[in-house]
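Just so it is clear, A, B, C and D label the chains in written order, and each chain counts residues from 1 on its own.
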Amino acid sequence: MIILNGGSSSGKSGIVRCLQAELPDPWLAFGCDSFVEAMPAKMQASDEGIVFAADGEVIVGAQFRALEAAWMNGVVAMARAGARIVIDDVFLGGAESQQRWRKALGGLAVLWVGVRCDSAVAAGREVVRGDRVQGMAASQADVVHEGVFYDLEVDTTHTESLVCARAIAAHVS
Amino acid sequence: MIILNGGSSSGKSGIVRCLQAELPDPWLAFGCDSFVEAMPAKMQASDEGIVFAADGEVIVGAQFRALEAAWMNGVVAMARAGARIVIDDVFLGGAESQQRWRKALGGLAVLWVGVRCDSAVAAGREVVRGDRVQGMAASQADVVHEGVFYDLEVDTTHTESLVCARAIAAHVS
Amino acid sequence: MIILNGGSSSGKSGIVRCLQAELPDPWLAFGCDSFVEAMPAKMQASDEGIVFAADGEVIVGAQFRALEAAWMNGVVAMARAGARIVIDDVFLGGAESQQRWRKALGGLAVLWVGVRCDSAVAAGREVVRGDRVQGMAASQADVVHEGVFYDLEVDTTHTESLVCARAIAAHVS
Amino acid sequence: MIILNGGSSSGKSGIVRCLQAELPDPWLAFGCDSFVEAMPAKMQASDEGIVFAADGEVIVGAQFRALEAAWMNGVVAMARAGARIVIDDVFLGGAESQQRWRKALGGLAVLWVGVRCDSAVAAGREVVRGDRVQGMAASQADVVHEGVFYDLEVDTTHTESLVCARAIAAHVS
């Protein structure tokens, strides 16, 4: 299992697609985006669920956390059942978010990967994408890494996603 | 946990969105579409993975089945961890596909729902959608239900998806 | 040139895809959705542009109208240059919206098609789609047809989109 | 009117979104992607229409060219009617493609912008995107620029799209 953590527009999902293309074995990709898509639409405008504020802040409520905990357990169960899994996540709570994963992992081996990107560059790429609330990239760029342990860090500021993916793939045997 | 089974373009995912909107508790939605999206793109053109033939036939290989089994186990683990889960699936193997779910469920209670749609009507809706290989709807309309047990069946041929969803929701308390 | 008018979730774009599939000659499809996509994202939250209110109301400003007029002229120019064009639009202003098209058409022959759908049924389909602001279908179902002249009307309440498309195609030779 | 030309995955559409965000006036964005979307789906697998070969080659037929000529005329008509228009195109025929635009423009002023990207880097970004036939980026990177005149060239190999967009915006007053 590989867990990538990085702010919005840092390039995580592109790296995941490259990892899936480069790694010889089949890896399933899940992440915070596919989790949010699985939730009822009405939870995306609810204090109990997840709120994307106009300034880019993301606030999650109790119902979100409860479902997320169950989802993490399920994803880990998939890995225990034999599937190779790569996760891209945004550790809004930094070390606390990593702790949530550790609890779900219960000892299962994982490669922790930090995906960094200069805040201003990520903000620019947010404009390029055009499908995200402006401000998420800048507000998340640093806080998501606070107190987080990594086996490996990549930085997409000056390095192409495919090159970053190859560096990660080299750690998977 | 609710498992919906029906052929392509029978209206399953629309019913799922309605269920998520109608049911007071939050339900997570997963299904064969989100599972295929989680796979590496290269598995979608591989005999080991899944092949969408030009005539609408869908053929899945050994690697697909292995990952699917792990995925099913994980989804069931999410439910056991407390999440309400609704699945929309296409039982390409009919009763055999249901048996795969039963094995993963290991006794967990589930509401089995059959989503039927007249073959010609489903084929017409496939044209309307415009994003699917033509022929899937017609070839799957009947075979996916062969030998399958249901707690409840709905038919979208003459009934709106929202009305079907309400009939299903009435069975969930 | 064919111009379809109907409220949100009345089934216009599905009918357009069917028309493109059924008609032997190639028809280009444009409409209010593709026009809005062509606009800068920032115009979608601006009084000058277009605002999708939380209750389903859609309000358009002066800048939107100016660009729309130029866009209509361009679409008509494509038709005059030999392309077959099918438009799906939402006449928020009813007869006034049709008048805008007439001005751009300047005498070019067009098949006016009304796409009706019972308000409650369209509202249900809005839930099924899950990607639209709830309330648009109900608020637009009737007003978009006020004072509008049609060569042909179809009703998707009880008739499949493909069947509606065939009725329209029969008027095109 | 601004016309951007560059190979697949060179970053054109991202630059367009940035231009729309940066420029104070509203600019409408069209391009080969939105044109292909407007075509009947059946033209995307037809010798008369457009064929995306498995190796990344793109072949267009007579019907495509006829519709494209009408579309170009219409886009130019929008500009003449007062809309600011930015186009992103792939000049598969190099200078010949530019000549097609010149014919449609009939003297209308346009800013010609070349969007370059190193072939290997563009091929890598094609993997990152994951939604394109692999091989298009490499096969188009150079040929689309052959014999083409530009007012301005940008290169996304080592420069962020937003920075490229600002360089272009500086030429628009």
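Basically, a residue touches a chain if its C-beta (ideal position, glycine included) is under 8 Å from a C-beta of that chain, and two chains touch if they have at least 3 such contacts.
Since the model is a prediction, treat every value here as computed from it, not as a measurement.
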| item | value |
| --- | --- |
| Type of subunit A:subunit B copy interface by residue overlap (half), same or different | same |
| Superposition rotation for subunit A onto subunit D, Cα-based, multiple of 5° | 180 |
| Most distant chain from subunit D by Cα centroid | B |
| Chain centre separation in whole Å, for subunit D relative to subunit A (CA means) | 32 |
| Subunit C and subunit D: spacing of chain centres that average the CA atoms, whole Å | 27 |
| CA centroid of subunit B to CA centroid of subunit D, Å | 39 |
| For subunit D, residues that touch 2 or more chains besides their own | 17, 21, 41, 130 |
| Residues on subunit B engaged by subunit C in the complex (per definition of touch) | 11, 14-15, 17-18, 21, 121, 124-125, 127-130, 160-163 |
| Partner subunit C, residues of subunit D touching it in the complex | 17, 20-21, 23, 26-30, 34, 37-43, 49, 63, 66-67, 69-71, 73-83 |
